[in-house]
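One chain, chain A, appears in both complexes that follow, with chain B as partner in the first and chain C in the second.
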Partner chain A sequence: MFRITAGRRHPLARYAVLLFALVLAGSVYTLTALGDQSADAAIATGKVDDVAEGEKLFEAHCMSCHGTDAVGTAAGPTLVGVGAAAVDFQMSSGRMPAATYSGAQALRKPLPEWVTPEKIRQIGAYVQSLGGGPTVPTKADVSTEGADMAKGGELFRANCISCHNWVGAGGALTEGKFAPPLNEATPEQIYEAMITGPQAMPVFNDSVISPQEKRDMIAYIVGVRNQTDPGGFGLGRIGPVTEGLVAWIAGISALALAAIWITAKKRQTND
Partner chain B sequence: MSTPTAVPKPIAGTSGWLDDRLGAGNFLKRNMRKIFPDHWSFLLGEIALYSFIILLLTGTFLTFWFKPSMGHVIYDGPYEPLKGVMVSEAYASSLHISFEVRGGLLMRQIHHWAALLFIAGMMVHMLRVFFTGAYRKPRELNWIIGVLLLSLALFEGLTGYSLPDDLLSGAGLRITQGVAISLPLVGTYISFFLFGGEYPGEDVISRFYTLHILLIPGILVALVTAHMILMWVQKHTQMPGKGRTEQNVVGAPFYPAFMAKAGAYFLFTFAVLAGLGTFAQINPIWLFGPYTPADISAGSQPDFYMGFLEGSLRIMPAWEINVLGYTIPLSVIIPALVPLGIVMTGLALYPFLERWITGDNREHHIADRPRNNPVRTSIGMAGITFYGVLWLLGANDEISANFQISLYATTWFGRIAIFVLPAIAYVVTYRMCLGLQRKDADIIGHGVESGVIQRLPHGEFIEVHVPPAEDIEAHMRGKEAIPMIDGAEASETDGVPPRGLRGPVGRLRARMSQAYGGEKIPLDAGHGNGHGDGHGEHHAAIGSGTGDDKSLTH
Partner chain C sequence: MTDHTPGTELPEDRAPKRVIGTPSPASGTSLLGREEQAGEAAVPGVHPPDEKKARRAERIAALCFFITFLSGIGFIASYVAFQVNTVDNTAVSNLALGGTLTLALLGLAVGIVVWVRGVMPKYNLVQERHPMRSDAETRSYVGETFLQGAQESGITKRPLLRRTLLAAAAPLGLAPLVLLKDLGPLPETKLRHTVWSPEHNGGKELRLVVEGSGQPIRAADFNSPGGLLSVVPEGYEHDLTALAKATLILINLRPEEIKSGTNKNWMHNGIVAYSKICTHVGCPAALYEQTTHHILCPCHQSTFDATDGAKVIFGPAARPLPQLPIGVDSEGYLVAKGDFAVPVGPSFWERGDAEAEVRNQGRTS
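Take a look at the complex of A and B:
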């Protein structure tokens, strides 16, 4: 204790205190932010009255924007024909219900209490009953078993990265819209996004990209995002922007400090 | 320390042998004791120098395995997500270096980090030289060499960045081709000449390879050598201070003091580069994928030093002119050439413009403190802001995507900020310089706060001010008035201005000279006790404190 007190007027003491405070704040945040529930869209076994249950849920949670019988209002588009896949994508990623949303497009966010895989399935069944549409992919549809990663990569580069970036880090679009990062998307969500075309995204139906090719792409996206960066810290994998920041903030700053330190060392002379 | 008695025989023998044949003894005797002034900012250029050495070494390593060919091969290496994909030989060999050659990825990463620090080092060095006026006579030519080095380094970076033939660098290459082809009249020819036909052709990688590893580095080495020799011959500038004049250099001798510091600084640079190369991934070409002209990625960015060109391209409105069936794409020509022209030409011409405006034809070996030349410093800060806005806007898609700001909002911010912020930076810097000059004048005039509070007999409390430390005062007193052209001041009041200041150009020159030159805040102004009394005891300060001097009483 005495040694700490003695050092409190040391020139480096204020930096040490600052660093300590930053580390403390960071650790507390990391620990408290850990309890983030994952949006697992696994679907339980079906019930007979899913459609009826789904209609009730729809009326309670969705109708104010999407209108009676999901025909749409000024606040929300019609859901007739969008299919259960669209419902599962939007709800399992937390984009819907979007009661508080304002801006160019809905954001991925933590799910509300009441949104469970079962409730999503029931609303999906109701929307599916209104006018058909793409259905939720099965486990086999998104299985990456035997998928060709390299082929998927080529398709991914040809079709996806112009908005989503080469590793799916996301990117900006026009009018405040954006392509979200793919880091949190589950294989089911990736598949559903391709067949339903949510927000600004175009539809990649089975005649454009076959189901097998979709599985290849999912294999590539998931495989690359789980890959350990061989070169050290990935710096967000967004390329030269963060690299340039590191070169200046870490590189030039460190060398400027080294220069100051070196020149501060004066030879002791007697004259 | 033991006193040296005799030189050991092995050393005396060898050096004698060499001296008899090379006559190096005289040369060394003269140069090993060369004095170098000590200031941390004088080492910034060495970041670039040492990075360049490391670039040459790591680059040589990379050439042992790199194949500068655009021939198609099927990738069959250990990186699973690309297995079986058709790639160019250049890309395949870069992956080979990254994943199969022992130490290859580390070398690639150090090489790339060194490239960034090479140019960043040049930039900070150049800013130091600019803001201290170290480019003034007799060093204008060395300044020009520096501007050439920076321009060449940008080109060297561009060619090297393109070599791995990955998707990201291909986007940069495509923009380069777009700029080339947008040039009026010659654009198409230049593009076809550069790429050996239609873009992308089969030649550009091997041509860039020759430029990158032979031609440009050769010129760089020559210019760096010239830069160093000129610096050596002309001697380094020094900051103003005690005993420092225009005729001497105060500092440490090259051997041993400066050599040890320079050597240590090389090791620091190497350590930073090795550390970055080890711990921070750079240019992960395996994630980008091979280049095909059909693919483009969101977030495609150039390396930082090209960011300002990227930014100017991004904020430029889509203007074009059609003349006689030919299209002149202003939306490409203007952003590609105008900011680059402003920055590089402005840098190259600045010493000559300043000399023209101030009429200052003297040699300068004592550097200016930035505050003491407010116009220059403000122009520099306006330039940094101009460059900085463009640089920032080069990353506007990443800013937009990561901070949830509309992309269009960032574009419009840039379009306005590019004109407004440099002007604001100019004014703010100018006021700050004058404020700092006033602070100096205050310290010279009144001394510095001693922390001692005295109570006077009639009850008043004052803080005793003491004269500034001798070296600090000498540093401040290094300030001198910025010269003006003879007669510039008189030209407006007297009837006939002197020759050379007549006519519109002459009058402009006179006005600029008046704004640029002169002493804005004299160090000793307005204080009768200022000059000699700086060294007086504190009762002198007390005496003045009770009277006109409010800053002493709190």
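Take a look at the complex of A and C:
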């Protein structure tokens, strides 16, 4: 700090500042202009060959685990037949690419910089071309307009809450795996999870749980997020576990301390 | 609330000599304090607290009582102010009423404890225990009175009264014993059968329907490997007594994954149905991992292998989840071909080794 203040009056200081500003401006321009150019190019040509683009992206980012032509390796399962919906779910939630994960399951995380909706769509198109599978739901497929939240809740309670909890707070599975909370999932991701069965989750295909019923369930899942917690704090809304923990640790220790204080003998002054 | 006027004789008690909230003259307080201390010191072993500390405790206790006063008013005000016409308003009302009442009672409790600990003197008090037995005079007096009363009531002289009184008491005494009958009747064979049994429905094979929507399931529709459904019997969707035993999980397995523990004759195209009721203590075991084929019970982490006849691979459950024989009807819907071979759910006294009985039957026939 002292040295910088001292160097402020150096004859070369003004040139240094100027140079720094120029480099900064130049690099910012280069970066933004580059981004614009590639996006512009894609828009200008109008019809990018998604499958070919997706294949290139796949080879660059996915092939090391999922293998040539996505047939799978020891490190990653085959993607033949999983469909674009699975790609969209895994990539838009940040679970894939999972180059460095070492836990029991891939976690939701912020997207890497290169992962854009456009790139996800291209890789999805490539994977779709390999062996079909569920496609990405449209906006209309996941619209909760006119959906029956009560009916969705009934289906949710019958089929989902054993893992995901009755308000979608998530829960533990075996060997370190867990069912994630649903609070951050978009309606598209909820729909895709049901039709593709990501990671340990079972599949709920459209022929047994109809698209309309899925929209009802999405309405319920999204709806319970807005519920108020009567009586104060939600405590994660996972029921007796946290409530019991708080009651035991905070409540009973407070009571014990209070009892000790009340009955403690005060030191007598010897006079 | 004693009113002290200078010149009159000081009372001997140790109560504060001024009305709460009215400051007494400084000279009076100091004179009073000195005199009180002098008076108390006469009792051996009783040490009044230091006056400075006592005054501090007094102020804290008074503050607590004032908080209680305000919270009490707040409670009444919240009752009036917050109406309970909607769920959200009820929550607000509960919070306000509970909060103010908690604060009020807490203030009272803390105030009194501070009062006792900070203001009142501390000393040890030994109270001698007296004998429980009454003295001879009292005892003989009670005995005489009792006999005299019995004599006067005529209970020995008038047998009709005595006998009818005993007769009146007898049924009342028996009544609680009769109520024990409600513990029964014995379940007999009810725990061994579920409504899936075709005999229970006059030979009709019940369809499997989706829990929650009541839709029957076409085997061809439940075709995604890794699929899972909670399933109930058609016609019993809301019969909780029936569902307590009959609820199923339906799982779609890849043919190459199925192991020898699973009865393939009871499956249909890779679809297998297991009881959803955990064999440990009866929780709904419906956490299914399609990658490992583990069925997990959330209560005590019993884990079953869906590909191997729901064999127990971890946890306190002692037996596999019973498998239900399923097939399809003429329209292609999944139906139950029979009842479970063994009782579902947790153990019960008369259950015996139902699995061994089934194995022996298979060997003899």
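The working rule: the second predicted complex is superposed on the first by the 197 of 271 C-alpha atoms of A that agree within 3 Å, B and C clash if a C-alpha of one lies under 4 Å from a C-alpha of the other, contacts with A are read in each partner's own complex, and residues count from 1 in each chain.
To be clear about the criterion, contacts are C-beta pairs under 8 Å (C-beta built on N, C-alpha and C of every residue); 3 or more make two chains touch, one makes a residue touch a chain.
Predicted model only: the values in this text are computed from it and were never measured.
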{"item": "Partner chain(s) touched by A:Thr228 [first = chain B, second = chain C, both, neither]", "value": "second"}
{"item": "Which of chain B and chain C A:Glu113 touches, first, second, both or neither", "value": "neither"}
{"item": "Touched partner set for A:Glu213, first chain B, second chain C, both or neither", "value": "second"}
{"item": "First (chain B), second (chain C), both or neither touched by A:Ile262", "value": "both"}
{"item": "Touched partner set for A:Ala158, first chain B, second chain C, both or neither", "value": "both"}
{"item": "Contacts of A:Glu145 with chain B and chain C, given as first, second, both or neither", "value": "neither"}
{"item": "Per-residue touch tally on chain A - higher for chain B or for chain C", "value": "B"}
{"item": "Partner chain(s) touched by A:Asn205 [first = chain B, second = chain C, both, neither]", "value": "second"}
{"item": "Partner chain(s) touched by A:Leu173 [first = chain B, second = chain C, both, neither]", "value": "both"}
{"item": "Residues of chain A at both interfaces, chain B in one complex, chain C in the other", "value": "151, 154, 157-158, 162-163, 171, 173-175, 179, 229-232, 262, 265-266"}
{"item": "Touching residues (chain side chain A, partner chain C) in the complex", "value": "151, 154-159, 162-163, 171, 173-175, 177, 179, 197, 199-205, 207-210, 213, 228-232, 261-262, 265-266, 268-269, 271"}
{"item": "Residues of chain B that touch chain A when the two form their complex", "value": "38-44, 47, 80-85, 98-99, 105, 109, 112-113, 116-117, 120-121, 124, 167-168, 252, 257, 261, 264-265, 268-269, 272-273, 276, 278-284, 287-289, 292, 294-304, 307, 395-398, 400-401, 404, 406-409"}
{"item": "Residues of chain C defined as touching chain A within the complex", "value": "47, 50, 87-88, 90-91, 94-95, 98, 113, 117, 122, 210-213, 215, 217-218, 220-230, 251-252, 284, 286-292, 294, 296, 298, 301, 303, 314"}
{"item": "Contacting residues of chain A [partner chain B, same complex]", "value": "103-104, 148-151, 153-154, 157-158, 161-167, 169-176, 178-179, 220, 223-224, 227, 229-235, 237-241, 243-244, 246-248, 250-252, 254-256, 258-260, 262-267"}
